[in-house]
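You will see two complexes here that share chain A, one where it goes with chain B and one where it goes with chain C.
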Partner chain A sequence: MPKKLPKKDVVIIGLGWTGSILAHELTDEGLDVIAIERGPWRDAPTEFPPNYAQDELRYRIRHELFLRPEQNTFTFRNKMNQTALPIRDWGSFMPPNGVGGGGVHWNAETFRFMPSDFVLKTHLTERYGAAFLPEDMTIQDFGVTYDELEQHYDAFEYLCGTSGTAGNLRGQIQEGGNPFEGPRSRPYPTPAQKQPFSHTLFAKAARELGYKPFPQPSGNLSQAYTNPLGLRMGPCTYCGFCEWFGCGNYSKASPQTTILPLLVRKSNFTARDNSEVLHINLDRSGKHATGVTFVDTGGVEWEQPADLVILSAYTLFNVQMLLNSKIGTPYDPVANKGVIGRNFTHQTISSVNGFFDNKKFNFNPFIASGAIGMCIDEFNGDNFDHGPHGFVGGGYMGQVQTNGRPIQSASVPPGTPKWGAVWKNATRDNYLSTVKPGTGVHGSFYSYRDVYLDLDPTYTDRFGRPLMRMTIDFHDNELKQNAFLTDKFAEIIRAMGAHTLDKQYRKGPYDATDYQTTHLNGGAIMGTDPSTSAINRYLQSWDVPNLFVMGASAFPQNAGYNPTGTVAALAFWAASAIRGQYLKNPGPLVHA
Partner chain B sequence: MRSAAKISVIAIGAAAAWLGGVGLSGADPDSQAFDQIERGRYLTTVADCYACHTVPEAGKPFAGARPIETPFGVITSSNITPDNDTGIGAWTDEQFDSAVRKGVRPDGSRLYPAMPFTAYTKMSREDVMAIRAYLKTVEPVHQPVKSNTLPFPFNIRTAMRAWDGLYFTEGEFQPEGSQSAAWNRGAYLVQGPGHCTACHTPKTVLGGDKTTDNLRGFNLQGWFAPDITGDNNQGLGQWGEADITGYLKTGHNRMTAATGPMAEEVVNATSQYNDRDLSAIATYLKSLPQRQDNAAPLPANSPVMIAGQAIYRDQCSACHGIDGRGVAMLFPSLAQSALVHASDSTSAIHLVLRGGRSVATKQEPTAPGMPSFGWQLNDEQVAAVLTYIRNAWQTAAAPVSAETVGKARNQLRTRSD
Partner chain C sequence: MTMRRREFLAGTAILVLSTMKSRATIISGGLPWTPDAGTPPIPVRPGPWHYFTSDEGRAVEALADRIIPPDPQTPGGKDSGCAVFVDRQLAGPYGRSEGHYNQPPFMPGTKQQGSQSQKGPAAVYREALAALDRYCQSTYQGKRFADLSDEQKDELLKNIEDEKTKLEGIDGKSFFAQVIKDVQTGFFADPIYGGNRDMVAWKMIGYPGARYNYLDWVDRHNERFPLPPVSLMGRADWSPKP
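On to the complex of A and B.
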């Protein structure tokens, strides 16, 4: 029997970005909140100080900040007729761990989705007809609109101090910004970061090709900033150690820099780290959560009762928690019924490396930040006519090179041997004169009937719970999209003056060992119909109304952007609904 | 239980007030009047009685038992709650006044000057009685404390009579007619209840104040409490009034941040001072004269400055900037920091070797921290980088030697704070 703790108003599972936002909002409401975090406490100056944060081997190669697969992992397969096997070393995505979650090690690219991304099914059907979409594509509308989320995007950007150039201010298109973005109510809180040489050169080439390049919105700040909570941030130093690393000098937006110092001062907030929630507890009706059961490092089980449960773990763990807690109907792809696990998606990433004459070009690639970059949005979402191309979706593309780190950034032209004197010479000759965007083409990943999550029938975790099983592969639509976008991207790199191009198209099958992004989405999606969504438009569980599920697990499909801005906007939107509606009258906020 | 305890507080308070009213001090204000208790609460905060007389996190305010580190050993603070047996509930007003302003206990023996009666003696009787009135209202805690835990010969309290003869000048603060009311208020707060001298005034080998060097800085508890006179280089000469009041109110200003023991003082006391008092303190401190013994700057091309600059650019400039000016309210401006240019570099060495955390306050909750470099830089390197930052930006201070760093490193090994 677990030991029972005194009841709290709210229990939060996972203290990353969304857990921190909800903890802040709900403690402001006067509620007594406890957050339970599986990983350790992480504090910027002690955990990743500037005097050793820049250690590529430790953080990038050996995954210092991430979950250890020994603690929990997933099984993976491409097709439903294959046997899934456990992932024993992280590859295509990096499960975060510890206080701050992915907010510690992200690049801080702080995009908004476009208005059409939220009504994707309706929009594409109206423009191209239902028959234009692949038969097994299961895209849906979010159930919430861009206009409803605008103030919440704004809240997150001002929390973070996001650096950028507005492209659409209250409907007026702005020079130098992204003309395709939805209207924003006010400019970014800080101006865009300065751009290194290769990024500037990309923008020039793109402009000459008729595109409208814009600086990538960045949570690495261009200047010192004080956020609405009174927390101070410093200017980014362009050290080039951002994604996979924590920022020790207070210049990357994270829960540590923007929320936690204030949160820990509140007498109605408590956090328990190194404690893993086993399941959400339900009463006999199965329609009401009574709290959670967690286990500490000593193996002791504790029951934490609460009136309201916020599930704010990483995408895959949200879905696993719901399935292990028997909340909602598990998705069955054969019968095409059930909701928990459906519409699982990732991202479709590719890039083009450009090699330049080293006598004419010196890019100093080590001068960079996580969200540095000049991008174009002409090929994102439905910003171009897909009719002639036979696919839907798209992505932004740009010179978004984040670093010149020695282990991973040493690029050599195609055909160079992979070792020996020739490789060494090629590395030396090309290091300063190569454009290596990394995630240069950042494409969407739409949802399909046979891409989903369920509980593995064979493998279990250390508590005997079934592991989460990923069944995921690229479909033709995404591969066509990627080929088209990668070619367009290569044209710009060529126009910059590259003598050699290395086009790295995304090809199937989906490879769990090749890093794309950590943007896993779906599995507990939001929507307007309980038969095809796990949570309603306020991220409230259809089945258990005193449970709200945060995070990208809510995305019915993934757009061609980084998800954090939208994840955070949805968290603020849900917090607003809880404060404004739910607490006054606890119960379902939407009656389907 | 809770309400019962409160009733007993009131009962004790009433009894003490009644006793006090009998013949002893008829002129003292009514200790049960709200304005007297509220004034006492404020003065108790100003005097920071809480800091020494409370064990943090124990949940028993003013119940004592906190170990106080002195150069002569550890003293344990007394219980000043109105508990009759173990606190000061049975004390008369006269006894309280004698303890606070004369260092004399009810039995006639002497207090050790860890209790800053040498400063409190400058307080007015009215202020002491107000503190007394407030302390009668806090929850009584039954907690016996063995206060004298000093080693021989310092455990002999009678020795304190001789000490008092040497270093203790009894007497209330006397305003200077030639100075403004604000200056006099500031002087009263700094010298009296604020007892800034306790840390910031150099001490003799016997722990008495070197009054000729009033507030020119003192090394204690592994830190150097800096010079807080108006000195341009080592003191607060470059600070405006808003810099001083902001620092005391929030723990931060455009040049520096409170850390070490001062962080606790900011949280418990100065952040709760009223604005007028903070402004008065600034007026007084700014008026204290320049010192005459400031060093000449080292030449930029000396080997130690070149080495120090290289280390600085690699290790320090990401936060503190190439120009040493940091980011206001976030990363201290080393070019302007009194801590950096102090005659005694103990605090700077402490921060480089061990890192530090600035204070979090309501107004400035960020509490930025500095990492430890003790594992990364050897004594010569720490000495070089400190020598560089002490002399780099139109500033001048004596070089720091590797031996000094080595000694500090050894001393820090034995400290857990």
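On to the complex of A and C.
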């Protein structure tokens, strides 16, 4: 029998980026809020102080700050006719764990989606005709528009102090920014970061090829900043231990630097760490959540009753929680019915390494930050005519090299042996003069009928519950997109002056061992029709109106950008709907 | 005791769900900060092998020196401590695949599904190093791998890599790939873990190591960064000479 705790107004499942935003917003409304977080409390002085944060082995290779698969993992297969096997150690993505969630160890590349990304299905059908889209592609409109979200993007950027150069101010295109972005109501809160050598060289080559390079919007701050909550951040020092690491300088936007110090001082807020929510509890009608049940690391089970439940556990764990709590109809790809698990997507990443003459080029690759970079957007979304190419989608691309940490980044030209004197000499000769952009081509991943999440028939977690099963593969559309974009990207790296290129196209099948990004999306998507979406346009569950589901699980498909700007904007948007509409009259905000 | 403490340095001890570190707490009223609560890494000390037998240790030193051969400027894998690094890693959480999902059934899968082996790296090394020595002893008149000439070692390793030579009972190609990865990881990791002694690998490539501030350098383009590397332990010349 779980021990029963006193009832709260709101229980938040997972205290990462979106959990922190909702906790701040709802405590401001005067509600009594508790957040329950699976992992430990994390902060800079304890977990990543600048006297040992810069440890590549500990944080990057052995990934100290992440979830352990023994606690929770997934099974994986490419195709519906294969047997899914457990992901025994992480590979293609890295699930966060602990207070701050992915915000602790993200790069902080802080993009907005384009206006057309929110109405993708409508836009592409109007421009190219429905027959242009692959038959089994299941893309949808979001049900919310860029214009509705603009003020919430702005709120997140000002919370974070995002460094960047505006490309479109209230409809006026700005020199030096991204001309393809949607109109923004005001400039970025802080100017763009200074760019290291190879990044500026990329921008110069791109400009000469006729593109419009812009600095990547960054949550590694170009200067000291005090956010609207009164919390202060210091300038980024380009330490090069950013993504996968926590920032020891209070320079990277995270819940720790932008929200938590204020939040924990509010008398109507409590957090419990090292406590994993097992399921959301429903009353007999099945249409009303009564709270959650969680277990702490001492093995004690607790019940936390609440009037309102916010599920903010990250894409995969959101979907798993809904399946385990039997909320919403699980998706069945054969019947093409049901909603929980449908439209699961990831990202289509590739890169091109460029090798330069070491007598002429010295890049000092270790001088960098997680979200540094110069990018172009000419090949993102529908910014170019897809008619002649036979695919849809695209991505930004750029020299976004974030570090020179040698275990991961010491590179040798293609064809070099993997060991021996030739390898050693090549490593020495190329380290300072190689361009290695990491996620150089950051492509979209659209949704398909046979890419989805459900419960595994065989493997179980430590409580004996089924693991969640991922069925995911690349489709021709994404592979064509990637080949086209990677070639375009390679032209720019060549124009920078590289003598040798190593083009690393994204190839199928989807490989669960090869890190791409931790930008997983879908499975509990937002929309306007309850038969094809799990939540409405305010992220409210169609089935259980006192449950709101945050995170990229809401994306019907993934755009060619990093998700968190949009994830956070949606969180602010949902918070404002809860504050402005729901609390006055608890119940469905949209009647289907 | 030393062993336990050292496990913290690769960090994975945290996943033991019942350790002090991960006791559930209730946070309210202020940041739950206590002084000296961190877990700084504990330096690896030279000395006897923690995991390897002496034959295994010799074999791994020999492998490390072929993967990273010494040259006049930079020591090889052995003298830069790579075998010590691998030994200490295998003796710790890495060797046991600690934290991995380890529930049955164990079924063979596709390459894309990742390793489905029940064995951790420590067990893999034990079996594979024995198979390597057995192969050498039967092929090279009773000599172990460490006793072959450099040319013989290189030729054999090349053949294992190309799957022209098979080792009995183990997947030689993937084992050698793992040794390459582990040895090179030790070469480039902070010297606190036993490899990259005196930061030789970082000096070789021009990497300044654990420095944390390049604000003055971000826009000094195409200039060689002039300062020598530092490690998490500082620099030898920062410590007073005895």
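One rule holds for everything that comes next: the second predicted complex is superposed on the first by the 592 of 592 C-alpha atoms of A that agree within 3 Å, B and C clash if a C-alpha of one lies under 4 Å from a C-alpha of the other, contacts with A are read in each partner's own complex, and residues count from 1 in each chain.
Going forward, contacts are C-beta pairs under 8 Å (C-beta built on N, C-alpha and C of every residue); 3 or more make two chains touch, one makes a residue touch a chain.
Model, not experiment: these values are computed from the prediction.
With both complexes brought onto chain A, simultaneous placement of chain B and chain C is permitted, the two fitting side by side without a clash. By the touch criterion stated above, A:P509 is placed in contact with chain C alone, chain B being left untouched.
In the superposition on chain A, A:T46 makes contact with both chain B and chain C. Contact with both chain B and chain C is seen for A:C239 once the two complexes are overlaid on the shared chain.
Shared-chain residue A:H105: touches no atom of chain B or chain C. By the touch criterion stated above, A:R60 is placed in contact with neither chain B nor chain C. In the superposed model, A:N249 lies in contact with both chain B and chain C.
Remark: in the superposition on chain A the angle formed at chain A by the CA centres of chain B and chain C amounts to 80 degrees, rounded in steps of 10. In the superposed model, more residues of chain A are touched by C than by the other of chain B and chain C. When both complexes are overlaid on chain A, the residue A:L262 reaches chain B alone and has no touch with chain C. Using the contact criterion defined above for the overlaid structures, shared-chain residue A:L231 touches chain B, although it does not reach chain C.
Between chain B and chain C, the minimal CA-CA distance in the chain A superposition rounds to 5 Å. Touching of chain A by both chain B and chain C, each in its own complex, is seen for residues 43, 45-46, 49-52, 235, 237, 239, 248-249, 261, 265.
Remark: chain A residues 40-41, 43, 45-47, 49-59, 61-62, 64, 68-71, 73, 76-78, 82-83, 85-89, 91, 194-197, 200, 235, 237-241, 248-249, 260-261, 264-265, 267, 269-275, 296-300, 361-362, 364, 366-367, 404, 406-407, 410, 418-421, 423-425, 427-428, 431-432, 458-460, 509-513 touch chain C in the complex. Those residues of chain B whose C-beta lies close enough to touch chain A in the complex are 315, 318-319, 327-331, 355, 357, 360, 362-373, 376. By the touch criterion given at the top, residues 43-46, 49-52, 224, 226, 229-235, 237, 239, 248-250, 261-262, 265 of chain A touch chain B in their complex. Residues of chain C touching chain A in their complex: 9-12, 14-15, 17-18, 21-34, 37-38, 40-41, 66-69, 71, 74, 93-94, 97, 99-103, 105, 107, 109-116, 154, 157, 161, 177, 180, 184-185, 188-190, 192-193, 201-202, 204-215, 217-219, 221-225, 232.
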